[in-house]
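These are the structures, in structure tokens.
The two complexes that follow have subunit A in common; it is paired with subunit B in the first and with subunit C in the second.
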Partner chain A sequence: MEITLGTVLAFLGAALAVIFPGIGSGIGVGWVGQAASGVVTEDPDKFGQTLLLQALPGTQGIYGFLSAFMIMLKIGVLGGKLVPLPWHTGMLFFLAALPVAMNCWWTAYAQAKTSMACVNIAAKRPEEIGKALTFPAMVETYAVLSFLASLLLIFGIPVE
Partner chain B sequence: MTLADMRFAHAVARIRVLEQRLLDRGRLERLLEAADAGEVLHLLAETEYGAAAAAVKGGQDYEHALAAELQRVYALVKSFSPEPRLLEAWAARHTFHNLKAVLKAALRGEAAEEGTLSPLGAMDRGRLEAVAAEAVGEGAARPGQAAAPVAVSLPTVPAGPPQVRVGGTVGERVAGPEVEGYVTRAAKTAVAAYRSFGGPEEIDQAVDRAYQEYLLALARVPGAEFLRGWVERWTDLANLRTFLRFALAGRDAGTLLRALLPGGAVPVERLVEAYESAPAPRARLEALQVLAARTPYGGLVSEGISRFEAEGLLHGFERLMDLYLLDYLRRAKRETFGLAPVWAYLMAKEQEVRLLRLILVGKSAGLSPERLRERMSDVYA
Partner chain C sequence: MAVVEMRRVTILGHQSLHEAVLRELQTLGTVQVDDVRQALQPEEREALFPENGTAGSPAEDGQVSRDRRADAHLDTQTAQVQRALDLLDRFFRPKKGVIETFAGIRFPLSEKEYRERAQATQRIAELVARARDLDERLTSLQAREAELKSRLGLLRPWSDLDVPREELRDTRLFRIVTGQVSAGASESLGEELAAASPAAGYEVVGQNREALLVVLYYPKADEERVLSVARSHDWTAVTLPEFAGTVTDEIARVESALDEIVPERQRLIAAVEQLLSERLTLYARYEHLRNEQVKEEAKERLGYTERLFLLRGWTRRRDVARLRQAMERLSPAVVVEDEAPAPGEAYPVDLENPPLVRPFEVVTRVAGLPAAGALDPSPYLAPFFFIFFGLMLGDAGYGILLMVGGLWLVKRARAVGLGRQLMYLLSLCGVSTFLAGMLTGSWFGNLFGIPPLWFDPLKNPVKMLVLSVALGVVQIFTALGIKAYDNIRKGNALDALYDQGFWLVFLSGLILMLVSAAGGGLAALAQPARYLALAGAVALVLTQGRSKRNILARLGAGVLSLYGVSGYLSDVLSYSRLLALGLSGTVIAMVLNFGANLIRGVPVIGWLLMAVILVAGHLFDLLISAVGAYVHASRLQYVEFFTKFFEAGGKPFKPLTEGHRHLLIEPEAAPSERQ
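Entry: the complex of A and B
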């Protein structure tokens, strides 16, 4: 099996797509979890509402993983037939992974902070939870856009 | 917002739920309309005060029940706060209050009456009595020998770095100043002031100043910006009230100087200058209005003096002070992280207990709802 510089760069891209959004989501879900546990300690009935808010910053990690999965699929990691990529093709995979890696990392933080603020809405005005979910959902838009951009870029890279 | 503020995520969310259990204006109105104290307690049984109301024996023992409720809330909030040391400022007020009572009793050669001590202090009675005994014994004037005089100077904010370890990084707890050191120093200063100038109010002033120094040291800890703002406003308002009281009583500027607290936005020297600029009480109030007009307290002082002139009492001014501080605390409602919501909740709870005490005492004394309403300030919830 030949390991080329291109293959290494593609692996690096896949790794970044998992690492950064994963860190952002992990920390974000942890933060919101702390806030949610505060509410549930005093009012266990709010578990469902707060769980929903806690889950939101976790999506970035999923987007990162899916992007990495697509890279792995394209370069033959999953099929067991690793394609020896020229350096420039590997670089394209690396660059294609950047939108999801960077955007999802930071949007996970931003979404976690918004979700924490909305946990307080769930605590004080549970009837307004629908509106509260809108705010962190707005942040999701930009995570989704970067995920789509990365996916389209990955799909567009020709691998022979 | 800092990463250190994020440590309050759990505490703030929990506070938001607890805030829902504060008494709102509507419920307080129902309490006001109650026929007597017994009915007030009956109505309170449906609220967070259920256990406290049930513990009241004979319909008169609300002081203990309300103090127990405050103690419960303080212990609860402290248990889940990532910075319990910052909340000790709240209990410290009661500690210094107890110190005053114990010191005055010690100087009379007696033990403090149980009713004069707050159960909410951070130091127990035995420790406070030991501190007081040491202070009284140390500074005692021997026969034929006068006690060492106390120098009077402008009160100042303690210079130099705070006596605290600088924290504020994620996961690190902030160590604030130790209250016991301030209490020990306060006892010695208060006894010296008492022996130099005479009068129990000298003890009050010296202890208040020590409490103030403790608060200022605590408020300089990173992450305590909201507390710093509260201390500054509280200091200014306390000084304005002292100015008014002293002006109305025709006291001299030297006495005022000893009673003013450092650390406010309005410098103590400006207050003393204004006081000295006019000899008569009425002129002193005008001088205060002129001084306050250049500060954020201009409207409050004008309105407060108008109310005083209309009512002949300082209650109106004190209600305005409460409202001013309450407005500041309400800013915490917009804060998602940090100490602000936690501190504001504690203060709101204390204010609520104060209002309940007023209602219960008023109902026991047969005051009408209208008379009680006049004395009541707004609520946080």
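Entry: the complex of A and C
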């Protein structure tokens, strides 16, 4: 079967949506894990709380993957019937992937740093864990918005 | 409902009764004991304690200084029991399941048994002494093991030295020493030594990584020359420890001594294990002592005259009668007064809500308690939190899991206080998650292909987006309404009209304009909506600058205030996260189901693999999406809802009470009242 430039561009978009947020979340979760393990060394009972904090910058990678999944679904990768896309449709998929690829990448870093700082809250004032979860959630907003934008864009692309 | 009404209490009595009074208060658990020094007005303080103007410094030879000595004794006792408990924890950490790792572990104990165990002083003294003895023996055993190991490390390289240690001694004319030289020394060392002293020589006994181990012998007269030769080959003397027989003999002895250490430690640990059956007694004693300490600390906060003590604090209004009864029963020489807080006085804050709202207090408490006299937001945020969480998790299957799981956790984890309420909150939100899942046709994602009762947000995301934003509008209007109510309640009806009423008019006009422009048979509304918005805007321009004196500045501030629309706009758009998080959970579930379906094709174990992927995957999705839903549902309350009306800054009500960290005391008298 024929591979068109459009299909290539759509693949590129899906790939970027997985790659960048994945890198951001991977590194971010790693950072918070390092901070958390210091706390757990002192007090193993803090495992649950710090694990929650560690999970927070992990969502970006998931958003990226989900966007890629939606692209795959749309262009028929998953059904086994790859749709040959005209180049401009492929470009649309590529552009639709950009918000999630870029925003989730950098917000994962920012959220990881906030989470790391909040590990201190878990360490010194475990009763305030609710507040510690809220600060990273403020960063998450922008990841969620970019994910939403990408998703709506992907939904809106007409495919034959 | 809402913030509990507090009464200021003053208790006055003879000094000899302060212990009994505090003990009673601690049992009641309803009175917060303030520091008299802060709770009294300056003139009251002056009148009551005229000598130095500071309360709480009673005569040193009185009752109180005796208490201080008892206090120090308490600290020592607590430390001893703590040490025994630490010993037990070191070898036998309480086994924790997944739940306990998160919620902490508690041992249930009946009230009666708790008292008995905590008071069994004879037995506890024995336990503590035994634990201390075992602890010391374990410590010295450890030291001995370290010593033996280092001796073994020193001797091992010398194991080929077959001369008994006794014979490695200087003779009348010769010196015999052990030591090491650099590994490459062997070739030239012999010749150089012979040149320095014909009678000198050496024997290579062994080798370690970078050096040869040698025995060096030489006439004492040639010591200087021999040693300078040896030093040129990095000579370092090694003094072997004293022992009888050859090195091999000594190594065997040390090894057998080391072998004995392991069983010895096991004996000691077995002895520690025998104490394990008394762990609850130790916990009971520990918590009893901690509670005694809390009581002693409360004494420091009382005021004392020569013969009297004075207690100031707070209690809930509904607890006053029982407090009075208890004090009357205690002694006629104790006086209880209670009064309403002075206007504007910051009394401690406690929340009270009907059972269905109570779990949502968790959300409020995380943000901080409302200020004294302010509204408790819990009942207002409850329906919104309920709906938002449900929409964001939005899966009927997950909803059922949350309902069941939350209730199971309440039973299983034996959590008290906030943790317990959080679990109730989770199971309540499970209900809304279940409903949202039914409406949107999500049962573990698309696992069963059950059609939605309403619509599928994946197929019609715009409809869901509109719904999300509309919910946002409802919540923000509610917030303005609450603020207006609060203003009216405080007698500022005009503020309610200007600051909230006009905004509501203006915003309603704008929204109607948008809706009518969107078509759908509402076009007829366009004209009235425009007038409504205009009227609202004019009213705002005229009133929002009312704090300014200058008429121009007033109008300017009014016009500027319209810029607040952008704030409302961003608030409302923030609710689009309801759609985004809802989709994210659903799509993760879809991906899982898709993957599981693919793997079903694997021969023989395909079905098994599919089951594993489905169970593990959906649990993961539930966990991560539930955390997301909780955090974002909270955020919408804090950032979008609370900012419109919430007054934070309440100090929590902290009654003097008996606390328990490790035990879960089950009262026997009224098991039905368990909270």
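Methods note: the second predicted complex is superposed on the first by the 160 of 160 C-alpha atoms of A that agree within 3 Å, B and C clash if a C-alpha of one lies under 4 Å from a C-alpha of the other, contacts with A are read in each partner's own complex, and residues count from 1 in each chain.
Note that in this section a contact is a pair of C-beta atoms (placed from the backbone, for glycine too) under 8 Å apart; a residue touches a chain by one contact, two chains touch by 3 or more.
It should be emphasised that the depicted structure is a prediction, and the values quoted were computed from it without experimental measurement.
*Asks:* Specify the outcome, clash or fit, for subunit B and subunit C once both structures are aligned onto subunit A.
*Replies:* Overlaying the two structures gives subunit B and subunit C room side by side.
*Asks:* Check the residue A:2 against both partner chains and state whether it touches subunit B (first), subunit C (second), both, or neither.
*Replies:* After superposing on A, A:2 lies clear of both subunit B and subunit C.
*Asks:* Given the touch rule stated above, what does A:160 touch, subunit B (first), subunit C (second), both, or neither?
*Replies:* After superposing on A, A:160 lies clear of both subunit B and subunit C.
*Asks:* Using the superposition on chain A described above, determine whether A:34 touches subunit B (first), subunit C (second), both, or neither.
*Replies:* Once the two structures are laid over each other on A, A:34 reaches subunit B alone.
*Asks:* Please determine whether it is subunit B or subunit C that touches the greater number of subunit A residues.
*Replies:* Of the two chains, more subunit A residues are contacted by C.
*Asks:* First (subunit B), second (subunit C), both or neither: which does A:42 touch?
*Replies:* In the superposed model, A:42 contacts subunit B only, not subunit C.
*Asks:* Considering only the touch criterion stated at the top, classify A:134 as touching first (subunit B), second (subunit C), both, or neither.
*Replies:* After superposition on chain A, A:134 lies in contact with subunit C alone.
*Asks:* Under the stated touch criterion, which partner chain does A:52 make contact with: subunit B (first), subunit C (second), both, or neither?
*Replies:* In the superposition, A:52 contacts subunit C only.
*Asks:* For A:123 in the superposed arrangement: first (subunit B), second (subunit C), both or neither?
*Replies:* A:123 contacts subunit B only, not subunit C.
*Asks:* Mind working out whether A:66 is in touch with subunit B, subunit C, both or neither, as first, second, both or neither?
*Replies:* A:66: touches subunit C, not subunit B.
*Asks:* Can you pull out the angle centred on subunit A between the C-alpha centres of subunit B and subunit C, to the nearest 10°?
*Replies:* 50
*Asks:* Rounded to whole Å, what minimum CA distance do you find between subunit B and subunit C in the overlaid structures?
*Replies:* For subunit B and subunit C in the superposition, the minimum C-alpha gap reads 5 Å.
*Asks:* Please report the subunit A residues shared by its interface with subunit B and its interface with subunit C.
*Replies:* Common interface on subunit A, subunit B vs subunit C: nothing in common.
*Asks:* Looking at the complex, which residues from subunit B come into contact with subunit A?
*Replies:* Residues 1, 6, 9-20, 80, 336-337 of subunit B touch subunit A in their complex.
*Asks:* Okay, in this complex, where on subunit C does subunit A touch?
*Replies:* For this pair, the touching residues of subunit C are 101-104, 362, 365-367, 418, 461-462, 465, 574, 576-577, 579-581, 583-584, 587-588, 590-591, 594, 624, 627-628, 631-632, 634-635, 638-639.
*Asks:* Which residues, counting only subunit A, touch subunit C once they are in their complex?
*Replies:* Residues in contact with subunit C: 45, 47-49, 52, 55-56, 58-59, 62-63, 65-66, 69-70, 78, 127-128, 130-131, 133-134, 137-138, 140-141, 144-145, 147-148, 151-152, 155.
*Asks:* Would you tell me which residues of subunit A are touching subunit B in their complex?
*Replies:* 31-32, 34-39, 41-43, 46, 113, 116-117, 119-120, 123-124
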